[in-house]
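Just below sit the structures, each encoded as structure tokens.
Both of the next two complexes hold chain A, though its partner changes from chain B to chain C.
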Partner chain A sequence: MSSYTGKPDPVTGRATTGHEWNGIEELETPIPRLVFFFLGAAFLFAVICWILYPTWPLVWSYTRGVLGTDQRSVVTRQVEEAAAERSAWTARVMDESPADVAADPALMRLVNEAGHTLFVDNCAACHGTRATGGLGFPNLTAKAWLWGDGSPEAIEETIRIGINSTNDDTRASQMLAFGRDGVLDTQKIDAVVAYVRSLSGLKPAAGDDAARIEAGRQVFADNCASCHGEEAKGNRDLGAPDLTDANWLYGSDAYSVFTTVYGGRQGHMPHWGARLSPLDTRILALYVHGLTRPAQ
Partner chain B sequence: MVSQLTVSERQFALVILGLLAMCGLAMAAGGRGDPMGAQGFVVLIYAVGFAFVVMAGLYAPEPDDSRLSRYYDDPTKVGIVLTMIWAVIGMGFGVWVASLLAWPNLTFDAAWASFGRLRPVHTSGVIFGFGGNALIATSFHVLQRTSRARLADQFSPWFVLIGYNLFCVVAASGYLLGVTQSKEYAEPEWYADIWLVIVWVVYFLLYIRTLMRRQEPHIYVANWYYMAFILVVAVLHIVNNLAMPVSLSHAKSYSLFSGVQDAMTQWWYGHNAVAFFLTAGFLGMMYYYMPKRAGRPIFSYRLSIISFWGITFLYMWAGSHHLHYTALPHWVQTLGMTFSVMLLVPSWASAGNALATLNGAWHKVRDDATLRFMMVAAVFYGLSTFEGSFMAIRPVNSLSHYTDWTVGHVHAGALGWVAMITFGSIYALVPWMWKRQAMYSPKLVEVHFWLALAGTIVYVFAMWNSGIIQGLMWRTYNDGGTLAYSFIDSLVAMHPYYIARAFGGLLFLAGAIVGSINVWMTIRASRLEAAAGADADLPARPAGAVVAGE
Partner chain C sequence: MASEFFHRKVERNTIGFVLAIIGVASIGGIVEIAPLFTIHETVEEAPDMRLYTPLELAGRNIYIREGCYACHSQMIRTLRDEVERYGPYSLAVESKYDHPMLWGSKRTGPDLARIGDKYSDAWHVRHLIDPREVVPESIMPKYGWLARTELRTADLGEHLAAQRAVGVPYTPEMIENATADAYAQATPDSAGAGGVTERYGDATQMRVFDGDAARVTEMDALVAYLQILGRLTEAAYGEQPTAATE
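On to the complex of A and B.
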């Protein structure tokens, strides 16, 4: 194609190749030297990489590269190094008692930083990014614990085994469906709902007169007190909530409480022991333990 | 359209459509209770619909033999219309899924409207619907003009075009029903894949047969690229879709590959789909319409050659850069990375060849939005190939991978390069095809250009910002060596960019709608004029004499 066969192009002065396709022609412009330079530079870069890193397949193996590196060993080493670096404080979290850790503000700053990210990545889907919960999911900043005494140890145990989870040791609880299963008729449910709502000083719903509340007291004593206690203060060994405080897991209006008594409730929390490391579980427990109600 | 087919061709078309309808009926009957059944009805309705079109013209008089001395442009014209329809559908779904990311509640609680089903409608709609129809339509045009030969026969161009669109319709309707192979850009299930193979073989044979009839001693560059597009896409499509159906009456199939081999096959396919569908095919388009519109010879024939072989050789190795830092062996990653870096040279040589071709025509670029579409396309081609090679470098990829940066990169290529070169080519082609001096409204072309450019820039900048912020947030550590940000933190940071992206996409979609109206009005003006008999005395064009202007 080097022989001149076409006419010169008036703009560039270069010859065309002499071919023409429906009016399109091509110039005989030589390939700019810059192209060869960059081709050489890119090839050089490639060759250097081929020498340094694993690259070319052989029959049963591959070229290992003079750096002797390999992504699997690199990432293993990096993970180990990072863990070793963190162990300056994580070892203390695991070795010292939770009370001692909670009493050390410098250590708790690191725990809370790590704990917040762990919480939002793993727990926020149900409990919310600020741990304030939602309908059916407890507000963890309210300190209204369903299980145990609210100590970091008790919280850690709940995280590890879950509630009504598939773990063999799971915390298990269930509120019966008093209405659906025919234990209480509608009138009695209305009464006990009125009574329970009166315990925390909620504004009585329409028709919740003193007589109904009084009738509810008896229904409560016969049916509910075995779990929630005579004083309705709940039972943290059974996961039975305190009914006298301002926390309402499934809503406090008369209709919601009626629904709860009628159909029963059985909350569910997955067990995280198989998914989170013992360290992460401990960090989360300490973080949740230290949560306070966010400013409104 | 039908009247230009011979009576025996019309009858043959009816036979093929009848067979297709029977396939659809068999699928509908055999696939009861499976998405296959609904897909069968789609095939049946499609085939019967076209059978009515053929039957309506079945008894029209035989066409004049003089048609054989002219180019066969009817399939190209229909292809252009389909291109614009798919552009609006595909980009419309794009805006929809972009909005879903910004406002996730927009699914209306309907399964078909969930992100996972709508997203492939968008990607297949723009890549296969819009891009594929544009490639088929322009390839028929370029092939005939640069070979100075009529398409080898009259039936197979229609089979390719209408058959290909059946694939697109079956694919898109299947996604909404939840049918997917879960392979990105290769989502359609086995029956759609087999159908596409049949269509594609006919396309390949048609192209080869027409090339063999060429009156030119040499094969023009554009045809190298179109041929590479057709040939390699066939290879990619067949290998990546090797799968065993659960049964002939079920839509579901299982891939022959598993684990890391499956991932590598998929991204060998995925990256070369970018290379040979979205790059090679559209470079073919650029090599014809840009010099034609600019009235300039190609800057360098030699540069065309090394770019072509550089691109075809190097791209094949690059797919593994999609799997950096995965279970894929390290050596495959190094190979993919180094070939991706070398790939930059022929890519920029192509972009440079295109831009240098405009030397002596820059005043036209300034004044003519159609040529400006093509110029900007070449610039975005250069930008996104640089970005692609850069992102293929392992340490860079460790930041960019799984972030919106990838999405931004893809759209710099898809909006800036693929769509821009297509719109530029269509604005050049439509007046030629419908015998008009110019588009209905050159002003609207200008409006479309600025909408498209603004939309692309808003989109790409939003995703660059979002992606890099996201990537950095994922790797930021606290003093204690633990992750500083949760995943939700990064989502909150991305939200404003998601809104900006949806807006950028909306601008681009608005441009496509303006373009569709302009194309439609141009066709309408041509028809009105034809009806008035204004061009009744246009001289017939002997094939050899058609040289300039198209």
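On to the complex of A and C.
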């Protein structure tokens, strides 16, 4: 049983708490003053914050604080300040023609730095961090443009409105499902696949003899040339790819090409006009335009 | 001393002490949460706010079931780097129909509050089947079975009714047609497609989300949900300092 009158400790002479556990007693050691000091400082800090910032809820409103600031206006100001900070070069990107910007190495260094960040945040999910694309997603370093001439202006337009996107002005394109929709039978598809693969010098698949390739030429002229062109060089106004080069968006083996002809294709690139500012779009276009094929 | 006497008394009264602990512990909630019910200016107005369709709600349930929220937040904070990367900071009103809310508190993967319409359906499907096929550095698990699993739609009406019970304004007509609407949204050529836009608005995304028109899978539902994230209302795209208003 404890008592409230602690006896002095016989060894140190200091007071004890008065509690006693099987003969063991505890020295009465006060909390260090420094703790009270910091506790007081923390309270003072809180009181200052109450006065400066929006803090206390009232029933229908809340105290606004004398600074008249909040997180939302802070982030607004920070974004504006950051934009103003780099306005020296971003103004030139917007005012000068893309060709002039691209010709200025010092300016392009800044554009590429900002462009890479934008690319990784927004484009890399599909096109890859090195912009080399993948199955179904174009390689942007190959310069095998589906739409437009590969100029910064054309790239900018594609980024802004997208391809087969939900934007009203979208670039729109569709490879028809020649097999599934019954336009061509499998024999004709096999023939046209053999012909198309021969155009880019791919190793013929089993059964792709000269007769089949020749038959495919006629199938191509009748069905495919209207979009891909008589020489199969594609049409960049329609988004029809060049079939004579080494780039194959959906694979170059006979099975993949057959699947493409049989079931059709319709790639989809989202539109970025609502998500990215005109400046960011221009920076990205210049960045993509300047991409070169990475060393293998 | 009086205070010492008070303390002795409270400490020796179990019920009193429990009540005292509850009282002290709830101060934070009373000061920080309770006023939000009366201070209306903390929640914005969004007259254009639309509801999750049954298919999107089913996708949301899959998102919860698979624990996506454990690695992905849906909350863009008022920080410059977040606003510049993800878009306008999240508003309270955007979670108005989220029961439960899926703001999350950890980002192993990126924030998804504005993922809707950012990537194509085909990308989402391939990414969910094998994330590393499209993003080699990803550590996200594979969710390939979603594309092979038929979506359970029979009980969607009850899910809508449960949401209605907690304040989401689904009409009896929507609840009644939930199963058919879920099927129709992912099968836009079907007869019921008109009813979906009639009930949920013309902006409803009607398409085959998983690339397989023959059936409605869990992949359809999850992709439909992901493609609507951040697009239920345009409220956040007002005066905010987004990259788009620079």
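Throughout what follows, the second predicted complex is superposed on the first by the 235 of 296 C-alpha atoms of A that agree within 3 Å, B and C clash if a C-alpha of one lies under 4 Å from a C-alpha of the other, contacts with A are read in each partner's own complex, and residues count from 1 in each chain.
Simple rule for what comes next: a residue touches a chain if its C-beta (ideal position, glycine included) is under 8 Å from a C-beta of that chain, and two chains touch if they have at least 3 such contacts.
Since the model is a prediction, treat every value here as computed from it, not as a measurement.
Applying the stated contact rule after C-alpha superposition, one finds that A:W50 touches chain B and leaves chain C untouched.
Touching more residues of chain A than its counterpart among chain B and chain C is B. Once the two complexes are laid over each other on the shared chain, residue contacts for A:E80 go to chain C alone; chain B is not touched. In the superposed model, A:R130 lies in contact with neither chain B nor chain C.
In the superposition on chain A, A:H268 makes contact with chain C only, while chain B stays out of contact range.
When the two structures are aligned on the shared chain, A:S277 is found in touch with chain C, with no touch to chain B.
In the superposed model, A:K233 makes contact with neither chain B nor chain C.
When the two complexes are overlaid on their common chain A, residue A:R217 makes contact with neither chain B nor chain C. Look at A:A42: by the touch rule set out above, it reaches chain B but stays clear of chain C.
When the two structures are aligned on the shared chain, A:D121 is found in touch with chain B and with chain C. On chain A, the surface patch touched by chain B in one complex and by chain C in the other comprises residues 57, 62, 71-72, 75, 82, 121, 124, 129.
For chain A in complex with chain B, the touching residues are 1, 9, 11-12, 16-17, 19, 21-32, 35, 38-39, 42-43, 45-46, 49-50, 53-57, 62-63, 65, 69-72, 75, 82, 85-86, 89, 110, 113-114, 116-121, 124, 129. Chain C meets chain A in the complex at residues 31-32, 34-35, 38-41, 78-80, 83-85, 87, 89, 117-123, 126-127, 133-137, 205, 237, 240-246.
Listed in rising order, the residues of chain B touching chain A in the complex are 145-146, 148, 216-218, 220-221, 288, 291-292, 296-304, 306, 325, 329-331, 333-335, 337-339, 341-342, 344-345, 348-349, 352, 356, 359-360, 478-489, 546-550.
Those residues of chain A that touch chain C in the complex are listed here as 57-62, 71-72, 74-76, 78-80, 82-83, 121-122, 124-126, 128-129, 134-137, 166, 267-270, 274-277, 279-280.
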